[in-house]
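I've put the structures underneath this note.
Each of the two complexes below includes chain A, the first together with chain B, the second together with chain C.
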Partner chain A sequence: MLVSLRLLLLTFWLGCLAAPTGQAATVVIVSSELSPAYAQAAESLERELERTGWSRHDMLQLTAAELAGAGVLTPKLFVALGAQAANALALAPLKAPVLCALLPRSSFERVLRSSGRKASSQFSALYLDQPLSRQLGLIQLALPEARRIGVLWGPDSQAQAPTLRTLAQARGLTLLEANVEQGELLFPGLKAALEGADVLLALADPQVFNSSSIQNILLTSFRAGVPLVAFSPAYVRAGALLALHVTPEQIGQQAATIVGGVLQGKALSVTPLYSQDFSVAVNEHVARSLGLRLDAVALRTLLRQREAAP
Partner chain B sequence: MLASTLRLLGALICQLGSVGLAMAQASDGAAAANATALSEADFLTEMPVVLSVSRLPQRLDETPGAVTIIDRDMIRLSGARDVADLLRLVPGFQTSTAFETGAPLASYHGGFDAYSVRMQVLVDGRSVYSPYFFGGTGSGLETVALADIERIEVLRGSNSAAYGARAMLGVVNIITRHTVDTLGLQAGLSAGENGVRDAQARVGWGKEDASYRLTVDRRADDGLAGSNGHNLISRVNFRADLRVNARDEIQLRAGSLAIDAGKGLFGYADNAPRESSLGSGYLQLDWRRNLGQDQDIAFSASHGEETYRDNFPYVRIPGLSFDFGGRSSSDTVSLQHTLRYNSNVRFVWGGEFRREQVSSKPLYNTDAALVTDFTRLFGNAEWRLSQDLILNAGAMAEKSNMSGDSVAPRLMLNWHVVGGQTLRAGVSRAFRPPSTFETSGDIRYALNSVVLQAVSVSRGNIQSESILAREIGYLGEFPKLAASLDVRVFHEQIGGFVRRQQYALPAGTTLYPSNPWDFINDEDFAIQGVEYQLKWRPWQGAQLIFNQAYTDIGSAELGGSALAAPKLASSLTFFQKLPGGLDLSLMHQDSGTVTPQGGGIDSKQAMTRTDLRLGLPLRFGPKRGELALVVQNLGSPYQDYRKTFFFERRAFVSLQLEN
Partner chain C sequence: MKLGGIRHRMLLAAVLPVALIAVLLAAVFLFTRFDDINAAHRQRARSLARQLATACEYGLFSGNVSQLRTLAGGALREADVRSVAIVNAQGQVLAHAGKPSYQTQPLLDRQEREHFEPNADLDLLLQPIAATQVPLDDLFEAQVSTVGGAAQTAPAQLLLGHVLIEFSRESLNQRARQMLLTGIAITLGGLLFGALLAARLGRGVIRPIARVSQLIERIGAGELSARAEVLPDDPLREVQQGLNVMAQRLESGRDELEQRIATATQALREKKEEAETATLAKSRFLAAASHDLRQPMHALGMFVARLAQLPHDAPTTHLIGNLEASVQALQDLLDGLLDVSRLEAQAVQVQLRPFALADLFEQLRASLSLTAQQKGLRLRVRPTQVWVLSDSALLHRILLNLLSNALRYTPAGSVLLACRSGADGQHVRIEVWDSGIGIAPEHQSAVFKEFYQIGNSERDRNKGQGLGLSIVERSAQLLGYPLQMRSSLGHGTRFSLRVPLAPPGVALERRSPLRPRTFEDIAGLRVLVIEDDQLVREALVSLLTSWRVEVAVADGMAMALALLKSAAAPDVIMADYRLRDGENGIEVIHQLRALAGQPIPACLISGDTDATLMQAAAVASLTLLQKPVRPAKLRSLLRRLSRAVQADGGDGA
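Coming up: the complex of A and B.
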């Protein structure tokens, strides 16, 4: 009897110890889902915070679905990983600021529109997509003779067109643009963007670039001898020549720097940020068949150096 | 036969139309599912591997041999009306426009015979080598309309290790355009001197994952002056590209070809002027499965058949007629696996079975079909020894029920000395198995069941002829000068060259004494020399291509085989983009003395030919086109094929329209 009572007490005590300290967490990380990319970003974020003196007890990880049932949370900062998590946090009545990460710019802007929020020091973002100037910079580094850049605009990417035109002009590049409207066939646009192009720049838009269209885009551009510069390493594995992207680990690390600042009393940047760090992926087989020798690490280093130069 | 092929083709197109529709509907569903808003998923989701290992071709400076590429621009600017005429632009080639042996001929390093049997021709990977007669490639070069060709890759050299026996002196690889690139309507017309009347129309339809093309065309002219060579080529070609899922892709091709040509010589009873016709049809299925980023597998099955009609009465003996007609077919299945072992080693290996059947009572004196089976196993490895050193090693083992076993190996080392400068050295062995006619030909002329005379009776004492090709190559790119240079120095040792020889049949075998032809392995000799191509863009909108080939054939048959290729042949091509988008082309060709042996031992000839083309681009809204004037042979007529045949000036106008 006594033994059982002791056991019960011990269990209770242990239970208290092990109980989620969520309510007391300083940083709450909300992921859209549990797939590897989110887990990598969260892990990298926690590791980096740990390295700078924070304890894992100060951090709580939830999925967007678990948020509603998590009770009252009073952290100093929320970090949303993914658009769904950002949306859930945007709609929740929170006092603490929210940093939305691992989502592209247009997703963040959609969250703002649907929640009636504005980007502010209470609700800001670290984008997953790469700034257009950096993408043009990579093209000029990797393919210095390329002058004419084919671009396929879709409903989601269209908004970037004026910026890209301005940037391209400033760099002495010509754009060969084509629109792919909702429900329309891809190839008339693709043909127009490829004709005379030295390179095809892919800008994320599910209407234009998706797992069923990529076959046609890559085969047609390869037949035309026009390399594809894409936005994720998956496209490079599929057959794109190059991709400029940021890894979930890099996002986690930079999010940790921002989180660390907020925890030390700094405000979130009112203007959403693009990641400072990034990666370059090269398909060496495609490069070789095009007669190019490209080194992903060297390209990243050079691009970083150029960005750092005054 | 042709009618049945066309019926089959019609039925196939209807079937494919419905399959395509079903697939298009399925893909509409997929598109709808994809039509979601942009999110991080677009950046994080895995994609199917598209440019799998076998889709990535070797660079020109890493291929195990000299390759000349004729692309669509070159085809258009050349003003050529068929592939044989285009091959004039490739160093080391001899061509003829005559239809005396069925179709215009092209051969590399020597027109040793009437059918160009020592070359291999592939159309989208299918060998179009004809098993009829002595074998042959003339009709195969005519398989598709020029408007459907994406590019022609010409391997200058031997490559049995990759293309099987017969790839002995040159491989012509014709690659047709993808159906996605030929959607919509397109048509072309040409008309002018010498009865030039060409017409072509194409319709392309479908969606990204199921697209189709149907092209019909005809090419006609009055042939060479002095010949009976008016000719008409009629073609129908169909191609479908179907993507079943992210991993599997199917291509279907079908087509038919008819060549109606006048041939024969006026005043020759045994080669009287007459009409001949060759009809052929084919079906081809290709399936490719992607097994990830580093390997894929390709299966191919094809059937081809041809019917030849060519007969005439022998006026000196009433009741007797000469006939060369018959049929042949070929069936091929092949499986090929491409594997990237690591970033430095790539393998291709596989097997092929091919059955060829020839039946012709007049040529073989039997009603039975003569069957030749080939079983082939091949493997090629591309091994990057270092960043600048690539070794290509390969071999093909071939077993044939007619010519036994052979192994054709090839070894080539490419060295990028410095950026843009590549040296290549290698050796390869190739074979040509004797053709059905060379082993079993049996032509006897009979009247009322009495055999008057035997003209050709093969005794079958013949082996494959072989070649041992050694070469050194150089490829230089000079970007600052906008120039490139491709040089090939070669020594091609031919062993057991097949030649016909007369022998006497025992008295009494035929009514009149007979000295029929037989085919034997005759002399060994070497073909050696050097050829090069210089390409230069000297100023804006201009391109200059200069080719030269020095060929020395060491045959003891001085007026014949030794002159099967000219000692020196040169060509200069100049393209210039003029104001208003006008395209000017000037092509000049100068070839030393040569004896095209199909034209007879007395057909010794040298030639000079200059062609001019002016093309005016047209635009009506989204529709595009071109109006062109072509003048072939601006100078005086030159001898082509036979002593009495001449290529006179031909001016014609062509109009192309495309939506």
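Coming up: the complex of A and C.
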């Protein structure tokens, strides 16, 4: 009873405060939508800021849809969570810098293309995907025997191909590449990529890896005896062996660090950043069926240690 | 036939609902079953198509045609599957099995479709094959839909191709047919069973009805002893019991009635026999009495006649006159009684023959003119030339009685006997008129009864015996002549009798229109008297002798024959009918005639009034004189017979 009363009073107070002081918010967080991932990221962000001494009054949470009706906002920084929010903020004439988070690199680049912007200290990003070197590192950690890595390039991921080739070569790995063009059948490329591969590395590209295709991709790779290393825990649940990913909380935390820096007067990184923290997911069933014993926590720890080491 | 109608109706009433229910139930169950197996068929077909589609997913994804063929072949082995085709998203047939009935590929889209080919009895099922959706809840994917816009939106579900599978309905239809046949068989069986049951149960009702009906028919036909056999489980038990009671009552009622009728008949018969016995006794008495009275009466008459012939002094003569009158009255009474008894005994035979009425009238006039004269009355007989067809004796008796009556009851004036022609030309009316006292209307119907006399309670003998009109009526009835009487008190009476005329063709000859009076005197006539009764014999001899007739006497046949042999043949034989030792007069006369060699005129005298005797006499052509024979009558007979002798003698001379 007392709690609810307090909550009511707080809400009222916040309501009274928010309207006139909306413009007074220091940080405006714009979420693409109100799904749990965004909420978790936003919550993590706010909590971290609060922990570092910021008040919640300095933060304003909006959705991309609410942005248009929010009036003139004059924060020190905008944080866009998700591609939609990033797109909305990219199109808005804003003075404050914008940090785009919780979106894959391909999406950020598409936003830049469609808005005509360039990555700058005014419009930077914190990618959702993991750096290719880390992914290769994880593969080498988890599957030390693997030498040949199959990769399927789609329209959105094609751009990363040279980078990956360079990285692979540096690590003594061979890439078995295949392209899947728009509208083309997946299977021939997939078959080519799997031919002789020790592991299939899935890179985020909705044209290739989506909810309709993943089942058959997993089935094909499983039949071929090639484990799939993916970029999201959902793939692990669907049957991928490993996934290297970053959680919304981790994104939120890192975003909070960046936000804190900007609020303290630092500029945003001109080049978009990859998340420093990450998580590893393992499908124990798949691992067992492949005769592997993998521990997600251990892998993460090891990977972090290796990254920390020069 | 009627029972047959009932039987049919009962059968119909029992079977019709059963038939209706059986047919309805069969129809409902069959339709339900058809629906069920149809639904099952479709469900199975669809699930097979879905399974096949699922199985084909990876084959289509991977373009593994051989796998798809294996799958198609496997599906074809399933029951009822006729053809299978697996088509990729581009509409290209990757694998097929069996021969499809469709020529062109049907429309393929994301919907599950179904086509029914009625001609081929085939179901074509279209099953889209979509990639299995794995929910990723992925941030990577979400960005695309928002940033990329509609054009770049990934398909919600990737369509990999289609499965086209054809199912035959043959087995389905066969099962349906079997089911229908089974249903019909069960229905018919049920109907048959129902009909048999109804017939069997109906028989239990029909039979008692038939029994009751038959029983009623038998009772109706008069067989009242018929009884229904009452069975304990009979549905019409009470009716049959009631019928039995009814039949029993009818029977007992009829028996009782018959018993009563028999009793009554018996009583009647007894009464009748009693009456007949009484009548017979009376007749016998009368006959006996008349016979037994006749004999002495006969003698008495003759004695008195003889006595009168003797010379007497005046008082004695007067006394004899009274005696004669008394004898006369007694004889009249006896004659009347005799007539009545003969008529009553129906001993009188009507012998019709044509004769001249004038003769009869003349006889009557001759008989009664003396009486009329004595009474100072005028008896007028109107002459007539008419011949009638009648019995002269009976008619004579009728008229004699009527005239005697008229004379008796007419104190002064005249009595008329006349004959008038009838209006039709076939009859005459004989009338007897008198100017007498007349009969009062209240007595007119009673005057014909025996011994009925008006104003003669003291039974004055001079007023007759009261038998005359009774004899008249009976005789007229016997002849069939209507008798009419018209009378008014103080102005006389008229009796009329309708008598048929003789047919015109009859030879109308009067045997002796003028009676020859040449041999009036019978003196010297030789008469053989055969009489067993001595008293009568003596009286007769005495009388005949007084007429100066030569009399020979015999008491029997033997003596008569002896007399005939010893002396000359008599002129006339006069024989009593009943003789001693069983002899009779007819036989004696025959014997005498035979012995004499000539038909000697003869007459019979008898006290019997027996009809057979009269007939026998008539057959023998013998005149029968009834005792007591009046002297006058006897004399006239002798006179007549002597004429025959004279004629014979004349002829002989």
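Operating definition for what follows: the second predicted complex is superposed on the first by the 290 of 310 C-alpha atoms of A that agree within 3 Å, B and C clash if a C-alpha of one lies under 4 Å from a C-alpha of the other, contacts with A are read in each partner's own complex, and residues count from 1 in each chain.
To be clear about the criterion, a contact is a pair of C-beta atoms (placed from the backbone, for glycine too) under 8 Å apart; a residue touches a chain by one contact, two chains touch by 3 or more.
On a predicted model such as this, the values are computed, not experimentally measured, just so you know.
In this overlay on chain A, chain B clashes with chain C.
Within the superposed three-chain model, A:F222 lies in touch with chain B and out of touch with chain C [touch as defined at top]. Applying the stated contact rule after C-alpha superposition, one finds that A:V111 touches chain C and leaves chain B untouched.
Of the two partner chains placed around the shared chain by superposition, chain B and chain C are both touched by A:A204. By the touch criterion defined above, A:L128 reaches both chain B and chain C.
In the superposition on chain A, contact is made by A:R288 with chain B only, not with chain C. Using the contact criterion defined above for the overlaid structures, shared-chain residue A:S213 touches chain B and also reaches chain C. Contact comparison for chain A: of chain B and chain C, B touches the greater number of residues.
In the superposed pair of complexes, A:N87 makes contact with chain C only, with no contact to chain B.
After the shared chain A is superposed, the part of chain C among 5-13, 23-31, 41-49 or 149-157 that runs into chain B is 149-157, by C-alpha clashes. Counting contacts as defined above, chain A residues 32, 37, 82-84, 102-104, 106-107, 110, 128-129, 185-187, 191, 204, 206-207, 209-216, 219-220, 231-232, 234-235, 238 meet chain B in one complex and chain C in the other. On chain C, the positions that touch chain A within their shared complex are 57-58, 61-63, 130-144, 146-148, 154-155, 157-158. Those residues of chain A that touch chain B in the complex are listed here as 32, 35, 37, 82-84, 102-104, 106-107, 110, 128-129, 156-157, 182-183, 185-187, 191, 204-207, 209-216, 218-220, 222-223, 231-232, 234-235, 237-239, 245, 248, 283-286, 288-289, 291.
Interface residues of chain B, counted against chain A in their complex, comprise 27, 30-31, 34-40, 42-53, 55-59, 61, 150, 178, 180-181, 183, 207-209, 243, 246, 293, 340, 343. Interface of chain A with chain C (complex): residues 32, 37, 82-84, 87, 102-104, 106-107, 110-111, 114, 128-129, 185-188, 191, 204, 206-207, 209-216, 219-220, 231-232, 234-235, 238.
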